[in-house]
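Labels run A, B, C, D and E following the written order; every chain starts at residue 1.
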Amino acid sequence: MIIGRILGTIVSTQKDERLQGKKLLIVKPINLDGSDQNGYVVAVDTVGAGFHEKVMVVGGSSARMAEGNKDCPVDSAIIGVIDTIDFTT
Amino acid sequence: MIIGRILGTIVSTQKDERLQGKKLLIVKPINLDGSDQNGYVVAVDTVGAGFHEKVMVVGGSSARMAEGNKDCPVDSAIIGVIDTIDFTT
Amino acid sequence: MIIGRILGTIVSTQKDERLQGKKLLIVKPINLDGSDQNGYVVAVDTVGAGFHEKVMVVGGSSARMAEGNKDCPVDSAIIGVIDTIDFTT
Amino acid sequence: MIIGRILGTIVSTQKDERLQGKKLLIVKPINLDGSDQNGYVVAVDTVGAGFHEKVMVVGGSSARMAEGNKDCPVDSAIIGVIDTIDFTT
Amino acid sequence: MIIGRILGTIVSTQKDERLQGKKLLIVKPINLDGSDQNGYVVAVDTVGAGFHEKVMVVGGSSARMAEGNKDCPVDSAIIGVIDTIDFTT
């Protein structure tokens, strides 16, 4: 899994039926020190994460194991809001 | 998922039987500000996306969860046309 | 999927039993303008592609959905010979 | 699989139900000579690895094959503590 | 699949039960001309490959399709010893 922070949302009307009602968030991957990495990922929120919160994102087929994503065409899901990151290099 | 814009199409006659009738589009991944990223991906259109529209693309095994792709040899599918991208860095 | 051109073949006698009889081709990924990308991939040919032809390659678990690859230990398969690539940047 | 060393832990209260009780560790990928690579990965510990130990990490859907991860939304798991790395370049 | 050469072995006592008895080899990915690429991968040997031999490596969920890897937490497997690589750029 990676760590990211929520930057915004995607609005899409014309989409796969199994995406109806799903919240599509834009997540910026971050480093352990909180600085931004390059790029972004669009992930389905499954835990009610809020704007700019630090979240944990799962990718690949395991994104379909997140709550409510079974058999959905999604490859990225937010599965946790992060309280603290404890590390020593 | 990633965001991209549609650049064109691939025509292939000699192909896997389960690709018959599928629209194979060339998608250019883009950044949140609309600028192009490097590279491209060939994705199956499953939502009737139009030329140069911004779309959402799912990759990996989840591309087979998109409408009509069950058990197909595809690793990339267009699953939504994007109306708006709202974000604050 | 990606686009590539066929560079050659791999010969392997001591291999997984489910690879017996499969044609293992070396594919060079190419850009939309036909120029080479870095790297290469070894893919199972499932459509009878010829030397130096432009082909479409599927990766990951979906390579096992290509004709004849069910339950095989392959992560890359050629699934189409490309006739034309039509695009406008 | 890759080799990494454990840097720390992630604490998350608001998370997917199937992550309850799982130990989420921050792993730094390393080179064969023991030097750090860029980046990090958050992995579920399934073997009781200790702080700063060298571990083996599996990614993708196979992370769900590790002990206790069946059907969990995880894409990275620690599956072994490394005793020795023997190699000659 | 990729091509690599075997550099060495990993010894791990404290590991996932389904890895018991499996040979964990360190593989260096190589270019078509035989030169080394960056990085390495730890792969399960399933064909009895020898030290410094050129091998074919499969990644992702398909590594579990290799002989003896069913339901194992492995994302990389050696599935063939390479006799010859024939190519023309």
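The rule is simple: a residue touches a chain if its C-beta (ideal position, glycine included) is under 8 Å from a C-beta of that chain, and two chains touch if they have at least 3 such contacts.
Keep in mind that this is a model prediction, so the values were computed, not measured.
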The chains touching both subunit A and subunit D are none
Starting at subunit B, find the fewest moves between touching chains needed to arrive at subunit D. 2
Given subunit C and subunit D, the chains that contact each of them: E
Specify the angle of rotation obtained when superposing subunit D on subunit E by their C-alpha atoms, rounded to a multiple of 5 degrees. 70
Between subunit A and subunit C, what's the gap in Å when you average each chain's C-alpha atoms? 32
Taking the mean of the CA coordinates per chain, how far is subunit A from subunit B in Å? 20
Per-residue overlap in subunit A, given as positions that touch at least 2 other chains: 60-61, 63
Which word fits how the chains touch one another: line, ring, star, complete or other? ring
Going by the defined touches, start at subunit A, step to subunit D, and keep going round the ring. Which chains appear, in sequence? A, D, E, C, B
Considering the complex alone, what residue numbers of subunit E touch subunit C? 1-3, 31-32, 46-49, 56, 58-63, 65-67, 77, 79-89
Would you tell me which residues of subunit E are touching subunit D in their complex? 7-19, 24, 26, 28, 40-43, 60-61, 63-64, 71-76
